[in-house]
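Below: one structure, written as structure tokens.
When the chains are written out, they are named A, B and C in that same order, and each has its own residue count from 1.
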Amino acid sequence: MQETDNILEMRGITKAFPGVKALDNVNFSVKRGEVHCLIGANGAGKSTLMKVLSGAYVEDEGEVIFDGEVLKPHGTLERKNKGISIIYQELSLFDELTVGENVFVNAYPKTPLGTVDWKKVYADTQALADKLNIDIDVKAKASDLNIGHRQLTEIMKALASDAKLIVMDEPSSTLSKNEFEILKKVIEDLNAHGVSIIFISHHLEELFIVGHRVTVMRDGKFVVCKPTSELDEDMLVEYMTGAKVEKRELSKEKAHLTEEVVLELEHMSNSKVKDISLKLHKGEILGMYGLVGAGRTETIRSIFGVDPYIDGKILLNGQQVRFKSPAEAIKNKIGMMPESRKTQGLVLLLPVWENITMVALKKFLKGKIIDYKKIDERCNDYKENLNIKTPSIKTLVGSLSGGNQQKVIFAKWLAQDSDILIIDEPTQGIDVMVKSEIYKIITRLAKEEGKSVIVISSELDELLTVCDNIMVMYDGKQIMTAEKGSFESDKILQASLTGRNE
Amino acid sequence: MKRKVVSMLMCVALIGTMLMGCGSGGNEETKDDAQTEDAGDAKDAGDSEGGDSETYKIGFSQATMASPFYTTMADTAQSYAEELGIELSFADANEDVTKQTNDINDMIQSGIQCLIVNPVNSEGCATAFAACEEAGIPVVTVDRLAAGGFTAAIVRDNEEMGRMVGECLLEELGGADKASGKILEIQGTAGDQVMMARRDGFESVFKDVAGIEIVQSVNCDYARAKAVTATQDLLQANDGVVAIYGHNDDMAVGAAQVCAEKNLTDVKVCGVDGLMEAVKMIESGKYVCTTMNDPATELRVGIDTAIKLIKGESVETEVDAGTGLINKDNVAEYVGDGDFAEMK
Amino acid sequence: MKKLNAGEFLKKYNLLVLLLVFIVISSVLSPNFLKLNNMLNMMQQCAIPGIIAIGMTIVITLGGIDLSVGGVAAFSGMITSIMVGNETNSFVAVVAGIALGGALGLVTGVLIAKCGLPDFITTMAMLQIARGASLLVTKGSPIFGLSESFHVLGGGKVANTIPIAGLIWIGLTVLIFLMMKYTTFGRSLYAIGGNKEAAGLSGIKVTRNYTIAYVMCAALAGFAGVLTASYLSTGQPTACNGYELDAIAASVIGGASLAGGISNVVGTFGGVVLLQIITNIFNLVGISSFYQQIAKGAIIIIALLLNKAVSNKKN
């Protein structure tokens, strides 16, 4: 009955990547003039689904019907021309261009002479702004706009290309309350003009403000689709976590931690996170859980001396420290394996041995001279012990697989022998076999060698497996800390999704 | 991958062939030359007195090729050497003293018997000249002067040139009694000996001419573009300009252009060098006079001197390449295709 | 030792092969080419651009570039010449010239590493400043009448045959090669050039090492300028004009990547020799110097193509 009313229908969409079924027979539909919210935890498949919609990915099975027409996979430009517009979290405006230029950058109106009709560019942009009741200087440079106005410029850009469906990926994560209010009004105006919106957000309360219906996804599967009026936050969390259906069997054994606190944060704040307090004991594995952007990486960057902290204290073995550089943190026996292997963790065009010795090169000196024989021995030891699959330690690290690259990074910090090791996303994009090897390494480090480890992960299972304590963050704040033996995955998930601790 | 390597090899081969190709002309010559030389050696028991049939090897290190004056020199060197059957090594130092020193050292290695050099500057060649001396190779400088270490210098009397131009101009202005007004002097490079000589020679003529005031420009480095700007400025600042004298024709021609633009057809323009552009302007009455300073003659004198030195004949330390005035009376003789009017 | 087949050999030693090809061609073209005297002559000629190229290679390893070396060399040469002309002890004057280069490098390094200015424009500005300054100190005229003892450094010969400057160049090449390979500082340059962020997160002092590299590059350029003045027995404000480009070319021919992280000081040595052979053989055979420039350009392109073939293989 309502079939004809749907601007978009995605039916039975399945998409598999090597080793993972990212989407499994997902159904998803959006009505004309509707704000449809799409939610799910990290890795639930929202982004993959939107990439299928945008044409960036081609579905393995299923079909995408837009405006009554079955869309063939012809790439993103074709979808855009049909009226599907996606506004990504990292906005894609040209900083040095004006609002008007950004809005029309894909198709400038032309004068009869074939030159750009600047009068029309700005008049049309102004008209769009008026239509949406946006107060914006159409001749301002994008770099001079605040984040809210940048977002609105993106929306105008979408409208300028006659978008019928706009996907907003986390539009509110960086907006202030006021800016959100404006966004909400614009969304209402868009609806009034018959434009449909897919609204993706981690902030559940927002869904009830702007959304008409909600689709929940979990583990690549469609869970439920209901009007917001029939839902509340608790129900959403339950759908997202599936807590009732699949409660994990968790060890009830308590962690045995020494009393010795090696690292302590006392109400630490920096420009991204507020009021973080934690204690890291000798031999402890502390997990940090939260959604992407919740402030986990930002917290440890201050510990490691990358970003300064502005309030509170960081205590190392009881002494307050304020590292100005990673070099200083490393000197104080703190190590960090960053989130992005390829851009932060490794120098891809250098060989394995050079990456392994990058931090601890001073330990391979004979006098002032590098002792290549020692490097050779030690690196080959690591290669064997960590089971790094590389033809030789002279192989360029860029040619190794993700899992083996991660092991090289482990070797690099093992060589340095830090007391505290911070590991940001240790297993991202790594296959299951290597994952379990990495868990073993982490556990051995803490339990056998007495190191203290902080593990950041977006995979809760991973943290539940290896950690003694798990701290949950939400929106730059610390929400709760769970102890081993009394982990409750649904509670942790709920805290990470809602920012509430019950 | 294999294909790539092959194509690389092709490239190398290509360039190699290019080199060989470039070299082959010279190479064959060298071979022929070597044979004649051998023959000569056999007959003449090896030394230089053996007459004109022997092939001499001379090097010419040019300071720069950045103006027609210098390219004419280089062209003449090549053509005159061919005419005389001399083997000539040529290198352009690009105004770099180090490169000139390296070039000369390379030439010594290639076995030149005499070096002709236009030094980048007067002090820069000391090391190279010392190397020549060590190798027993005489050095002949052309155009610019070296501070020392040379066997002979082909020179021109720049003061005389300035004086000749000055006298001709004075006559045009009605002689010492009648001449009055301002003369703009567009100057060459600061502190340059040539500039000073041309200035002194010219100004000596007007020293006692009461009606004439000489206004000197900023240094225009013998470049037309700078001269144009300077002339424009000076014409703004001075009334009663009757003549303009440039330390070379290139600058003076620029000044003449400015006058033409401003409709100052009465201003009499003159310069030094015998630039053909200026010579043609004399023919059409837009320019008063110039004196010859043609690079071709200078280079020919240089090569002649070099041959004399190789033969062991004695030469003066300073060899004057001569000059001569060109004005409306004799201009017809000198109009030609070259960049500079050549001495007859 | 593994056996290499012909293809692999060509890839590994492509520059060496190219050099050999040129040496063979050159010796066919001119019987004078392979003579000992010409080899010594070339050794002298390579020394100054060679020393500048070593410094350039250090900076290129970081992913940087230094366009100021020619100007810095001229300025250092002028200052040293003035001091020698004023009868300052030659040794003191030489050290002052090198120190001046280092000081200019420190300014450049701090501007780039600490203030985050773009290297290309910053060093180009420094080139202007240094060149202008070297003209200014004597209002553009060269300095002459330098002492015999000062001439020994750049123009002297051991046993009246082997040029001292050439020996210095070879010595510095070996020294910097060892530094790049066997010291933590040297290795850190490769890490920074390969991935600045990863290097910083690995505890490498990026800003400090960046600055030091620029200091070294400029100090070497300053030294080359001093050698030039010594070799020519005159301080020339226009000396070493355009040498930055030859130095970059030599580094890249030698296998350095302008993107940073890859370089080889010994390769740079070979690059300098290759470029010098071209000038030398053209002069020996007596071919117009216009061809020299064309040939130089062609050689640079060929060397790059060979390098690319090698790196493609590695990937």
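Everything below uses one rule, namely that a contact is a pair of C-beta atoms (placed from the backbone, for glycine too) under 8 Å apart; a residue touches a chain by one contact, two chains touch by 3 or more.
Note that this is a predicted model, so its numbers are computed, not measured.
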Practice item. Starting at subunit A, figure out the least number of steps needed to reach subunit B through touching chains. Key: 2
Check your understanding: What is the identifier of the chain with the smallest separation between its Cα mean and the overall Cα mean?
Key -> C
Revision key, fill the gap. Check: interface with higher C-beta contact count, B-C vs A-C, is B-C
Check your understanding: Which chain has its C-alpha centre farthest away from the C-alpha centre of subunit B?
Key -> A
Revision key, fill the gap. Whole-angstrom distance, CA centroid of subunit A to CA centroid of subunit B, is 73
Point to revise | Where subunit B and subunit C are represented by their mean Cα positions, the distance between them in whole Å | key: 34
Point to revise | Rounded Å distance between subunit A and subunit C, as computed from the means of their C-alpha atoms | key: 46
Revision key, fill the gap. Listed in rising order, subunit C residues that touch 2 or more other chains are none
Revision key, fill the gap. Contacts with two or more other chains occur in subunit B at residues none
Review point. Hey, what residues on subunit A touch two or more of the other chains?
Key: none
**Study point:** Residue ranges of subunit C in contact with subunit B within the complex
**Key:** 7, 10-11, 14, 18, 21, 25, 28-30, 32, 35, 37-38, 41, 44-45, 48, 139-144, 151, 155, 228, 231-234, 236, 238-242, 279-281, 283-291, 295, 298-299, 302, 305-306, 309, 312-313
Practice item. Would you mind writing out the residues of subunit A in touch with subunit C in their complex? Key: 304, 306, 325-327, 329-331, 336, 338, 343-350, 354, 357-359, 361-362, 365, 368-370, 396, 398-399, 412
Check your understanding: Hey, which residues of subunit B end up touching subunit C in the complex?
Key -> 1-2, 4-5, 8, 11-12, 15-16, 18-20, 22-23, 26-27, 30, 87-92, 94-98, 101-103, 105-111, 121-124, 126-127, 147, 190-191
Check your understanding: Which positions of subunit C touch subunit A when the two form their complex?
Key -> 181-184, 187-188, 190-191, 194-195, 197-205, 261-262, 314-315
